């Protein structure tokens, strides 16, 4: 990035930071400590990089209260430098301008309600009864099915599909390839043949939600799938039908959430986690990467089951031993009986 | 949903159900027991919800033979109430009408064969030599490559890609983002460089197949990838080249099936299962969620290896112990030798 | 496949193979040993199929030096028959012709630079400042955002999305549904609310890279995500922001690579592997299917942690034992103390 000039004094004021340095000095871009140069703003969010701070050539650095001394250059002091970086990057980012209006190649049904302040991109489709709020942007190749609703300032980047009747709140960001409101996987078995259960619910997505590329969120069977305000979802996540996700929960890439799961508020679900169907997960639960949640979690805490890779010959040996665990336990109990005369549990 | 009025007498007849109640009473929609009200049909498929049945305000409920007494309202008795619900929902669903014909914004090659009774949606592409059967619907943004074939009454919802020469049967339902017939991952190594193996086979999808959003099914290397009649596949599933899936098998979300796997008929593969390449899985095999199938399964049965998440401090302790299993086994064997004088297996 | 006629003499010359048989005999297609017939070329890459070689009806077979005798038909002898097959298939494949030029339904910004030798397919979008090299093909429904660059002879098959500023090298192949350059998952927490970190880096994809259907590669937060020359990525892979992948590494389907991971050259990452964030993986590392890489791997080797599925009743017993491992270890240590008087490690 490389954008407008920001005098440090103005930036400090916008960030609520304490400035040590010349308020007239300008920064134009953000860069990591190790590569930053003249005109760059950097930050120290992880004290592992303290050494890089000491030698940085950045024009200014965002640091925590204890690290101002270590900097060879101007500093903006904030209690949470990573958050300061997020805020500074947002301020300084050159958001590409967008022109309101409907691109001539888009296909917008006469019965759709598109705000004159919204933008409908090239080759997008907006169906009958769909609504698009002010400041919303429907990117190229995106499809808004009939009766779907997109709130104010929400952006569908490109090639996004929002199915019939789905409601997306305000200020959401849906990345390319996202599909919201496809049928849930509902089947009844009739003597070996699968009978489809019509998926009659919808998806209700709150405000300020981000959904990563190629993520899918299915519509409910009878009631709605619900994604709360402020939820952040990474790429290639699968959210099945009837799931409910509480506000401000974050879900990293490749997570699979099965049907009717209820996830609380402010949870952190790391990458590649699987959550079995019909479970309830309390507020503020943290599940570490690659874990398989197989029962409900009733209160806040950290849960894990990811198996760390070993060198294959070590892993093979462990696996052979694991398969014999039952035998070992029995042999251990037998020894105990022989040794002590006491009866022990296997 | 909320649609036409169905008198219970007519509904019972269509479902083959025994009606206890007024045949003239009408239902218009389906709802779960706990939220159903006047005009709603509900169902008791899981006896865990028996309490909800006793207090339901639904106008009628589908129940199993033993539960008619417990209902405070009219009942339709069927041996499998869940199947009854699936059937009733299908009957009562208001299928949006569709108009046959080619949308003026679609790009249909002059050498494609599109049934006059098919619908080609806005901004869809149909290539040379492609065929589209009667009653088929190619949704907005979908791409049918040259020589691809889509059977009667099959629906590509939106933004679906069907690659060159792929054949899709009748009455299939392909959700948004589905890709059928991309190249399989075929590579030969030449002194550290990968040489692509042209993927010359196709994909053959049977009748009555459902494919979930963003699922991918690759074309075969030399022969075809085959998906049998009645197969149901959920979202974000990956089916690699040369795989064959028997009729009426169901595959839940985020499953990964590696190349040349042969899966039998009527299998149930739960979510996030991984199946290694070149395996054969018999008919009627059930693999539970998150398992990794690493060898062939020769006969019907239930298979598992999903690791249930624990609180992280418990899991860490387990993991440390697992890494020492080899040592424990050796120590156990040594104790046995000392204790009994017998020689034992480690 | 079924294409032009190839006399064996000419084919042997192109492949650098030693021919045993009539140089005038022709082949037109490639087929597996067991199904090949008159006019087919086959190959023996796995000696497990030696029996099929003895009875094949192929017109010619590519074999290794030791297997020429076993063939009932003409042979082309090569040190690596699988590589020979890859090469022969490439030579013999009928590549569909493509016409350079911009389809009238495509939307190409006046400020884009499209080579007159490139092809822009139906309903594709090319944004302002984007560049498309000679021989490149932008397939139907694909979106090239502003400032994106696609190198010579690179192909975006269909419905591919390349985001703003992303650079794709020459001779790449991007399958349908691929998304390159969506925002990475960067968030800072502010008292329970997530603040988005603008993703200001780009993606740099080298030459000769293949990316499978519905795979996603995110843009960097500050610096670029980098995919080296000759990298091959299968379907539904997720590559997070700031990742770097060395040349000639192959990544199979459904792999999840978290942020800032550095993967070396010539690695093989099998299907459904998860790699945690900020790790470094050396050159020539091989990770087997379904493993979770949770720490850096400093040198070449094979790593595993995939849990092979067992019959569920066996698995349940193993799992119960695993949960008691801590107890068993304590009991074992107690026995050792009792038995020998020695102090032992638990």
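To keep things simple, chains are lettered A, B and C as they appear, and every chain counts its residues starting from 1.
Following the convention adopted for this analysis, a contact is a pair of C-beta atoms (placed from the backbone, for glycine too) under 8 Å apart; a residue touches a chain by one contact, two chains touch by 3 or more.
Predicted, not measured: the structure shown is a model, and the values here were computed from it.
**Q** Could you label the chain B-chain C interface same or different, taking same to mean over half of its residue numbers are used by both chains?
**A** Both copies, chain B as well as chain C, present different residues to each other, with under half of the numbers appearing on both sides.
**Q** Write the angle of the rotation needed to overlay chain A on chain B, where the fit uses Cα atoms and the result is rounded to the nearest 5°.
**A** The superposition gives an angle of 120 degrees.
**Q** As a quick test, compute the distance in whole Å between the mean CA positions of chain B and chain C.
**A** 25
**Q** Show the residues in chain A shared as contacts by 2 or more other chains, in ascending order.
**A** Where chain A meets two or more other chains at a single residue, that happens at 105, 123, 141, 159, 177, 214, 236, 254, 307-308, 310, 322, 325, 328, 332, 335, 339.
**Q** Under the stated contact criterion, what part of chain C meets chain A in this complex?
**A** 105, 107, 123, 125, 141, 143, 145-146, 159, 161, 163-164, 177, 179, 182-183, 185-190, 192-198, 200, 214, 216, 218, 222-223, 236, 238, 240, 254, 256, 258, 274, 276, 287-288, 291-295, 301-305, 307-308, 310, 317-318, 321-322, 324-325, 328, 331-332, 335, 338-339
**Q** For chain B, which residues count as touching chain A in their complex?
**A** Touching chain A: residues 1, 30-32, 35, 80, 82-83, 85-87, 89-90, 93, 96, 103, 105, 121-123, 139-141, 157-159, 173, 175-177, 210, 212-214, 230, 232, 234-236, 248, 250, 252-254, 266, 271-272, 289-290, 306-312, 315-316, 319, 322-323, 325-326, 328-329, 332, 335-336, 339-340, 344 of chain B.
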